[in-house]
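A, B, C and D are the chain letters, set down in written order, and residue numbers restart from 1 in every chain.
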Amino acid sequence: MTTECTNRELLIYTISRLLDGVEHVAVGMSSPMPAAGAMLLRALNKKQGLGDVQVSILGSVRHNSFTSGSEELFDCAAQGRIGAFFLGGGQIDGKGNVNLVGAGGYPNSPVRWPGSYGSAYLYFLVPRVILFREEHSPRVLVDQVDFISAPGATEDGVYRRGGPHALLTNAAMFSFQRDTGRFRLESVHPGRSAADIREMTGFSFDNDRCEVETPGPDAEILALMRGQIRSELAETYPQFAASLPEAA
Amino acid sequence: MTTECTNRELLIYTISRLLDGVEHVAVGMSSPMPAAGAMLLRALNKKQGLGDVQVSILGSVRHNSFTSGSEELFDCAAQGRIGAFFLGGGQIDGKGNVNLVGAGGYPNSPVRWPGSYGSAYLYFLVPRVILFREEHSPRVLVDQVDFISAPGATEDGVYRRGGPHALLTNAAMFSFQRDTGRFRLESVHPGRSAADIREMTGFSFDNDRCEVETPGPDAEILALMRGQIRSELAETYPQFAASLPEAA
Amino acid sequence: MTEFVSPEAMADMIPSGVKLGLAPDGSGSCPAMIRFLIERGIRDLHVVCAPIGGMQVDMLIGAGAVSVLETSAVSLGEAGGAPCFGRAIRNGEIRMLDATCPAVFAGLSAAEKGVPFMPIRGIIGSDVLKNHPNWKVTTNPFDESEKIVVVSAIQPDITLIHAPEADRFGNVRLGRRREVMLLAHASKKTFVTVERISETSLLDDEKLAAGVLPAMYVSAVAEYKGAAWPTGLYAEYEVDAGEVENYARAARTPEGFLAYITGTRSAA
Amino acid sequence: MTEFVSPEAMADMIPSGVKLGLAPDGSGSCPAMIRFLIERGIRDLHVVCAPIGGMQVDMLIGAGAVSVLETSAVSLGEAGGAPCFGRAIRNGEIRMLDATCPAVFAGLSAAEKGVPFMPIRGIIGSDVLKNHPNWKVTTNPFDESEKIVVVSAIQPDITLIHAPEADRFGNVRLGRRREVMLLAHASKKTFVTVERISETSLLDDEKLAAGVLPAMYVSAVAEYKGAAWPTGLYAEYEVDAGEVENYARAARTPEGFLAYITGTRSAA
């Protein structure tokens, strides 16, 4: 049974579901929601007596066991030791291409974002890359990105074992279908309709009349999130943790 | 003025002369004479107010500042940070080829030595490689090695900034002439003649009627060797140091 | 071999026009030295970020000191986008070599290992590849059916970093920030400011040694306490988030940047 | 993730037929575990030495456990040539992949970085290259006039090493022996015996961290004091030169080897 939860809690819970079965989750810097989702998966697995989940939070000393500098994440991904990673994006298009560089032309982009970071690499090597961007608008979810930091699909003859797995926003959750190279709407968050999602999305996608509502956590999981996960988060993201509901 | 010295002292002093001008000398494991020669150069430079000489002795904790494992020596050589290195060889031929693998056929060599170590690489990248082998005989100094661990010369189109600089044995000292790819007899150690050297050497070489005697250390240098160098050596090679003459 | 100098003298040793290697904010960045370079009117730098840049790079750009920027990203982290960087991009004032983090490391590894290039997986199909002059697609020599990217070596002329500690012999403790070790190995010269100088050798302690950059890579050391302020120094002190926000606000305009860079207290 | 087992149980986890990575004598070698493997009748190993082998490799060869040997050298150091190795070479009992140290590291680096090959300078013109099936000459993609060697990735199935210390979480302190770190990064699984186990995390001490292999690479740990005897352990205890000489003498004949391996005291 779903209990009432905040939108953030819904997203964190959804992230944990998208990570199901992953043994090692890497989370980029300043990514409290993905970190929370990974921590929730770890706690749930432990409760259910399932395998350990390792969560590596880049930029954290405590939740990061890398000892060979920031290149180790990339080596580790190439070795197949990382099961899931998160990417955002100034633009994400319907073919799963991600743009972290800029909009409106290159190189002298009128709108310039920080840059591609490790995306052009990790998107190929981490099996399950979750695209996570809270803003759900035609400005972000475009038909065609202005610059491809990391491509959603790849021609034959190029090694690729990873890529987009799902796209999660504050309004909906899509899966990515590698065979067709398109997104499929899997569920719509409470308070939105498929029609809303079609309007808010700049690309066409499959199952665009989806009537599934994104499930929220049950009472037990919500209690876990508001207790243990909130405290674990507070070590790395004190401000973010403080903004989450506390256990009664 | 040359003072009377042992053959070993003559070799150590000659090594220091061959290293003249080098800023960083790397010495392999179990190579006390090259280590002694490098330490002597360091001490002489210091006395004369010349530049510092760094001596890295592989396998030593104290005289080895590498902190990135044994690959660092090779990286360091490739970066141009090592000026001189030593190679021995089960066989050395007249073209400067070195064999550290075996004699009499390959792979099932009737006489098998340990293997090539880093020779096939360092011979290309360290500017001054000194071939040092005490035994001077047609068995060691052959016309053509049975197996090339590291070649003396290289075809065009292959990066090479290093290679053989000199060959030192307990009987003579040769320079290597990179333009002709041949050794040239530079000096004969006291007690030997050019005719002896011709007979003891399995390959033909230039200046084979050389009448120069290998110079030994003067009294001041000899005193340095028998005092300071002997003590420095004792830290890494106690047995070898004990076998050297002590200052009066 | 390692010279011990004042921070000012170290700044004088870094001329215009060099390829300058810099560490990420908080992992070896040295904004206080960047101020000295700006005061000296340094120009025409090719900046290599290993692998990303922050406030110190934005300051150099704002001062007009950068002609080429090779990086995987520039950001002020929690304080948002890097304002001088964004402005310079819009106005076409710098030549941008957009990279991706592991490709920067591959280029530095190539320099570290003295090879002209390194292969790297991924990247094919991205516009990062299309726009990068020093990367190529080739085939795997052991499997001609596989296309793979090769990146050419990146060898900075000078790397400038801040570290917790050096000893009197020139050895520098970096700890687990191995990307800074890689950067130093790859560079022709490395200049290091440190929080403190140890009179005993850092290499004598086996527990420390694995995190120590040996003196042979270190051209000069200057003691300069707090020189990583406000960006912070890993395992020593945190970022001063308020100050970085002050910078971010000020640097929104060229005038504001100028006022900040000439007015604000430095680490000294 | 990291299992804590007995040395005997660890030996049972290493089957015949695997590609086995081993550290050099004195830098992570574990002759005591090699004895267990021999007792269990292990066979058909492809041994990768990183980058050279010593007594532990000679013992495996003497026991007939090695079918392929990939190394830059095998030697007993001060005690001279490795007798079982020399005999096996003469009799054609092992397939030898003669390498050169930095090429082994390049192959391991390729596996560490998940690329199929690495370029390396030198080597061209040597018989090492002519006889190595996994190396090729190619051209530098950025300068077609330059020929350069590429070596294919070396990924051991299992690496077996001895280290000073592990913690209860599976992190292992290697110190400055980074070649062992590289070997573990490159391998599918790494099994580690240690002198002692720490109850507190080795990663909590920033001074130690740079020399620590994180638990994610470590499949199993066994406490086994003295397991590097007689080859020694870097920064812990020296080689027992007399014992290695005893071995060298005994192993001159197959019978002597057999007597040594069944008779001598082990580390336990």
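Throughout what follows, a residue touches a chain if its C-beta (ideal position, glycine included) is under 8 Å from a C-beta of that chain, and two chains touch if they have at least 3 such contacts.
None of these values were measured; they are calculated from a predicted model.
Colleague: Quick one: which chain's Cα centre is the longest way from chain A's?
Modeller: If we average the C-alpha coordinates per chain, B ends up farthest from chain A.
Colleague: Using the average of all C-alpha atoms in each chain as its centre, how far is it in Å between chain C and chain D?
Modeller: Whole-Å distance between the two chain centres: 36.
Colleague: With centres defined as the mean C-alpha position, give me the chain A-chain D separation in Å.
Modeller: Taking the average C-alpha coordinate of chain A and of chain D, the gap between them is 40 Å.
Colleague: Just the number, please: Cα centre separation of chain B and chain D in whole Å.
Modeller: About 29 Å, centre to centre.
Colleague: Using the touch definition from the top, which residues of chain D touch two or more other chains?
Modeller: Within chain D, the residues that touch at least two other chains are 113-115, 120-121, 146, 148, 176, 178, 181, 209-211, 235.
Colleague: Which chain B residues reach two or more other chains?
Modeller: Counting only residues that touch two or more other chains, chain B contributes 66-68, 74, 78, 125.
Colleague: What is the shape of the graph in which nodes denote protein chains and edges denote touching chain pairs (line, ring, star, complete, other)?
Modeller: other
Colleague: Could you run through all the chain pairs that touch each other?
Modeller: After working through each pair, the chains in contact turn out to be A-C, A-D, B-C, B-D, C-D.
Colleague: If we count contacts the way the header does, which residues on chain D are in touch with chain C in the complex?
Modeller: Checking each residue of chain D against chain C gives 106, 109, 113-121, 134, 136, 138, 140-143, 146, 148, 150, 152, 174-176, 178, 205-211, 235.
Colleague: Across the complex, what residues on chain D touch chain B?
Modeller: These residues of chain D touch chain B: 24, 27, 51-52, 71-75, 77-78, 81-82, 85-86, 89-92, 95-96, 98-103, 105, 120-129, 131, 145-148, 176-182, 234-235.
Colleague: Once bound in the complex, which stretches of chain A touch chain D?
Modeller: For this pair, the touching residues of chain A are 23-24, 52, 54, 65-68, 74-81, 125.
Colleague: Give the list of chain B residues in touch with chain D in this complex.
Modeller: Contacts found on chain B: 29-30, 61, 66-72, 74, 78, 100-102, 106-110, 112-125, 147-151, 153-155, 157-160.
Colleague: Along chain C, where are the residues that touch chain B in the complex?
Modeller: 1, 111-115, 171, 181, 185, 203, 209-217
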